[in-house]
Amino acid sequence: MPDFTVGERFRVTLFGQSHGPAVGCVMEGFPAGFAPDGEKAAAFIARRAPGRNAWSTPRKEDDRPEILSGLNENGQTCGAPITALIRNGNTHSADYAELKDTPRPGHADYTARVKYGAAWDGRGGGQFSARLTAPLCFAGALAKQYLEEKGISVAAHIARIGTVTDAKPDPVQPALPLYAPGAFPVIDPERGEAMKAEIEAARQQGDSIGGAVRCFAAGLPAGLGGPYFGGMEGKLAKALFGIPAVKGVEFGETQACGSANNDAFCVRDGAVRTATNRAGGILGGITNGMPVYFTVSFKPTPSISIPQRSVNLKTMEETPLAVHGRHDPCVVPRAVPVVEAVTAIILLDAWLGK
Amino acid sequence: MPDFTVGERFRVTLFGQSHGPAVGCVMEGFPAGFAPDGEKAAAFIARRAPGRNAWSTPRKEDDRPEILSGLNENGQTCGAPITALIRNGNTHSADYAELKDTPRPGHADYTARVKYGAAWDGRGGGQFSARLTAPLCFAGALAKQYLEEKGISVAAHIARIGTVTDAKPDPVQPALPLYAPGAFPVIDPERGEAMKAEIEAARQQGDSIGGAVRCFAAGLPAGLGGPYFGGMEGKLAKALFGIPAVKGVEFGETQACGSANNDAFCVRDGAVRTATNRAGGILGGITNGMPVYFTVSFKPTPSISIPQRSVNLKTMEETPLAVHGRHDPCVVPRAVPVVEAVTAIILLDAWLGK
Amino acid sequence: MPDFTVGERFRVTLFGQSHGPAVGCVMEGFPAGFAPDGEKAAAFIARRAPGRNAWSTPRKEDDRPEILSGLNENGQTCGAPITALIRNGNTHSADYAELKDTPRPGHADYTARVKYGAAWDGRGGGQFSARLTAPLCFAGALAKQYLEEKGISVAAHIARIGTVTDAKPDPVQPALPLYAPGAFPVIDPERGEAMKAEIEAARQQGDSIGGAVRCFAAGLPAGLGGPYFGGMEGKLAKALFGIPAVKGVEFGETQACGSANNDAFCVRDGAVRTATNRAGGILGGITNGMPVYFTVSFKPTPSISIPQRSVNLKTMEETPLAVHGRHDPCVVPRAVPVVEAVTAIILLDAWLGK
Amino acid sequence: MPDFTVGERFRVTLFGQSHGPAVGCVMEGFPAGFAPDGEKAAAFIARRAPGRNAWSTPRKEDDRPEILSGLNENGQTCGAPITALIRNGNTHSADYAELKDTPRPGHADYTARVKYGAAWDGRGGGQFSARLTAPLCFAGALAKQYLEEKGISVAAHIARIGTVTDAKPDPVQPALPLYAPGAFPVIDPERGEAMKAEIEAARQQGDSIGGAVRCFAAGLPAGLGGPYFGGMEGKLAKALFGIPAVKGVEFGETQACGSANNDAFCVRDGAVRTATNRAGGILGGITNGMPVYFTVSFKPTPSISIPQRSVNLKTMEETPLAVHGRHDPCVVPRAVPVVEAVTAIILLDAWLGK
């Protein structure tokens, strides 16, 4: 039921609004005795920050969190909830003033108003803002570090921008990470250039463009998850659909016929493995020891400067609407670390339950 | 965490194994004072039963449930948990004897053994069996009846079998139901014939074939769901991925560019509506009053009679495997009511929380 | 939120009404590979059954459950939800006909009607009936057997009936079990006779009498539970207050002053222990390796034949009320196994999370 | 499962350690559109703060929280999680240095170490510290204000310190609040003086003393709660046992015999009421429209300066222990607002579910 909490054994609760004093998160259930690498976590969060490159919004966010609880004197997790705080700043609330009564198409403006009434703080999208993915990435960074120590890697790449697709990793033995640190997050840099061109074209038209992120997790033990509503697909999907703009989640790579789709079992390095990995590492809701992978599709960001039609909620009259402000023409590149973060959170959660 | 429970306010807990004495479900939170129509519920469950037609397995299941609790003397829900019991019968456990040590590719046999150990009752797939969708459909039938009384309709159709796709309903004002009672569950009967031909071709080759189901829910009020992890997409997806063989869930119908994807707000019948419905009735995780719709993709059933490769878990030697028994070459037609059932359960759950 | 589910990792869901077809339970999360002893479980349930002795109601219940799921061919738990069904019978619904509009004082009749409306099935108390403690005891019997195999014993006794108290076990090293099988559940048989006399006196006057049950759990490892809302006291208390007629729960045996109340740490058998056990085996919400114990107080059963005053809900007029039927003058002796059952369920739940 | 979260629809998550940078809380589910009175909330929190009077520790805490999220520009709740932050300060970590390897009797020191290992931040009790009741009180203050607007009052008093008891309010129509603002929280000031004398006597001896708090909630509608594990007693008890040092919870005031204990139904002001209120306002787990009340017993604070016996966990040798530092000889007076806060949180939670 909670809107801002994800996970069961490892639970992450987000808080904040886009134009409020701060955003942040509280994590419960992170194992005690782990020393997170703050620099590494900051670098991970920086991957989702806007304003760092040509293909995203010129807004700059300094997302380095202050840790309010959860660490002992030596910087180790001590078993208390870990709380991270990121102050907001550099907000242009005025940009949103005229939107107060006229919901932006494709945004949560209208539905938020139905749910919360007139008191909703719609500036910057309020609690619907992707700004909350900053603390989500911090939580994911810690989960990722912990999993890495257990031999589990999580890595995503842009699968598609518009119609341009990236190369596909080998789903049986993907070479992780999929690209060099700091690079545009694709396997094939040439296709990455084509993607950037698509993004730039959308920007020039005041339009936006969607795409997809593919994520891999390798090194997972067999046996995580469960049948029916305890399946790993459902747990991951529920969390992934929590990321703003996600509209689809697909596991593995299904073939039309059973004979082509079934992954034959084989023995590799003394362990039961599958020869192919159409299943995406999950059978009957439970990890089978093969890499887990899935593709998350994102709608084009609804923030466009092309004039649109909306309704003035006070007068109930249809009205044209032009949205100003600084917006990404494409959220997909910045969504790559967010997908990794959410995946790491859910996998740590599952791992703690084994 | 529970594997067999779905929903929060309206909670459905499944139980049973494929070859155990019975399957069934317990429902908590169904509103008191409602008189379910037993005949209608039985007719709904019959839509998923095998053995009723040419395109599915010749197994026959009599799925009419016995109600053990939850109704008063007048057949109304009384506030107590509603328990439905369906006895098993007509099982051929011998069919599964040789599979004890050799997991079937694409099935949960291997991962179940990793999770539960040697005590797992693998006959017929145990608790992973799609047999548990019979009580799930009963729960869904009750939810559907309740929602109908509130003006909310849920209806699904086969979106695709192999490469054959059905016609698409108008997402703004879909004409529900989408097909005549008892008919093959497609909008366009001609395409339905082509789908049946695909299924028959798969059967003749001892193979199987996958597809997709599209589901619509019309009449929902705006305001159900919430931001981030409380979004309707995540809640529906988590439940839908609980259906055996589901590998993907996609909401609405995303367009490449924001200008084409954003649904303009308009006024219709005095209410705020959208002119198009790419969003699938959900904005910011919250229903916007438009029909909710999504597409669920199913892998081809892993049960095929074409010889496959597997591993004998006792000897750890690779071994050929031939699976006998009576299996559907395509689960998609029978999955249509299951998707409706799960959708109705989650929507009733959300509706009760408004 | 669910009313009929208790536990997190080991979850027990009760179902049924007093005068419906059946009562039962579904258990999720019980470890696979365990072979429950059916005879022992039946003997445990029999301890709560009425009609077995002089001091309780002459109603006879045959509570041996039918197992509908959760066991494999060899009678071992297989990882599927375990479902137990107990058919109802021997009900005298006519006894309750005149109570339809006139709630019995001290019972749930009035509040149930407020919550569920006119459709509530009030016969025998409906889903509020202590009849549902029969399947609860079955679930507890299984939990108890499992814990015993891990060296953890759970045993309760009558601490008090009216003003007659039983002897107190040594809280540091209680001798469990506290009485012989089949005996009146007290340590000191002489005081047991005095208790029976109190019960008999209440019966003769058409009145009822309350009391308390004390429960011990020995052999628990240190480290179960957690700070604040994760404390063992809270988890146990929430479940214990679920037992009908419970009005108080108290842990350990608190002394007035800190110097007398603090349990000094000492070393015993090479392990950290406490010299005394005022704390009841729990410090900071977490087990400390000493026996956990607590006292549960029960109100006198509200079912008395002495005339009382009530209100006719239809006419809203005050009216005298005489309750007929077969009722225990004291539920405390039969509550002893119920307290043990609930304790075992919660301790298994905690044990599975360590 | 979460240790630091309480509530379902209204959920409060605490964070922080005693000697970390801050404590605080995140609240989800508080209704949007409410304007909390900050001064009133601060005054409420001040009631639990130490150092304000003769009978508690000389430590001073400035507990006025910073609100990081959840309010809109007009200071109204906007539907986003409400986050409150209270910086720590005035901590004497050196006081705890020598306790690192020698657990204090009656404290969580030993069990925390078993649960979290050597990384536990034991300074000031870490996350077990009653310091976290400061943000808990803030959450409770908001819940209380909201309930007050709905006509629901929550008020507690000291029921007992040592052997000195306060007068008892009329459980049918208690006069709330029970004492003047700023006064020692008792009904009978004379008995309050006797309580203070008990506390002072304990202080002089370097000892501590326990007691009990009684809490009333008036104005609740009938129908909140549910049967079995959904009962209001269990929900309240689980939360109340989360308060440090609570060892017992008892509802209403049970009489020995049913004839004396049953509350006769009557008609008052046109509504169904009970003539007496032994039940504490709850029947069958559900509120009956009468005042809810219960008594919470607190052990004497384990922090005493009288020498005690403990064990050095490194050497596993028994050792005498003298605890220094500034401690309350009695936590009960400061616990009064904490009990009110927890009660208000759970009642708001239940109220939102009706």
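Lettered A, B, C and D in written order, each chain numbered from 1.
The working rule: a residue touches a chain if its C-beta (ideal position, glycine included) is under 8 Å from a C-beta of that chain, and two chains touch if they have at least 3 such contacts.
The structure presented is a predicted model; accordingly, all values stated were derived computationally and were not measured.
Here the chain-to-chain distance from chain B to chain C, counted in touching steps, is 1. When chain centres are set by their Cα atoms, the one at the greatest distance from chain D is B. The centroid of the Cα atoms in chain A and the matching centroid in chain C are 46 Å apart. A straight line joining the Cα centres of chain A and chain B is 27 Å long. Shared contact sites, meaning residues of chain B that touch two or more other chains, fall at 1-5, 8, 14, 112, 115, 127.
Only residues 1-5, 8-9, 11, 13-17, 20-24, 26, 28-29, 32-34, 66-74, 76-83, 85, 112, 115-121, 123, 126-127 of chain A touch chain D when the two sit together in their complex. Residues of chain B that touch chain A in their complex: 1-6, 8, 14, 103, 105-108, 110-112, 114-115, 127-128, 132, 162-163, 202, 205, 207-210, 222-223, 225-231, 233-235, 237-242, 244, 246-252, 254-259, 261-267, 270, 272, 274-275, 278-280, 283-288, 297, 299-304, 306, 308-311, 313, 316-318, 353.
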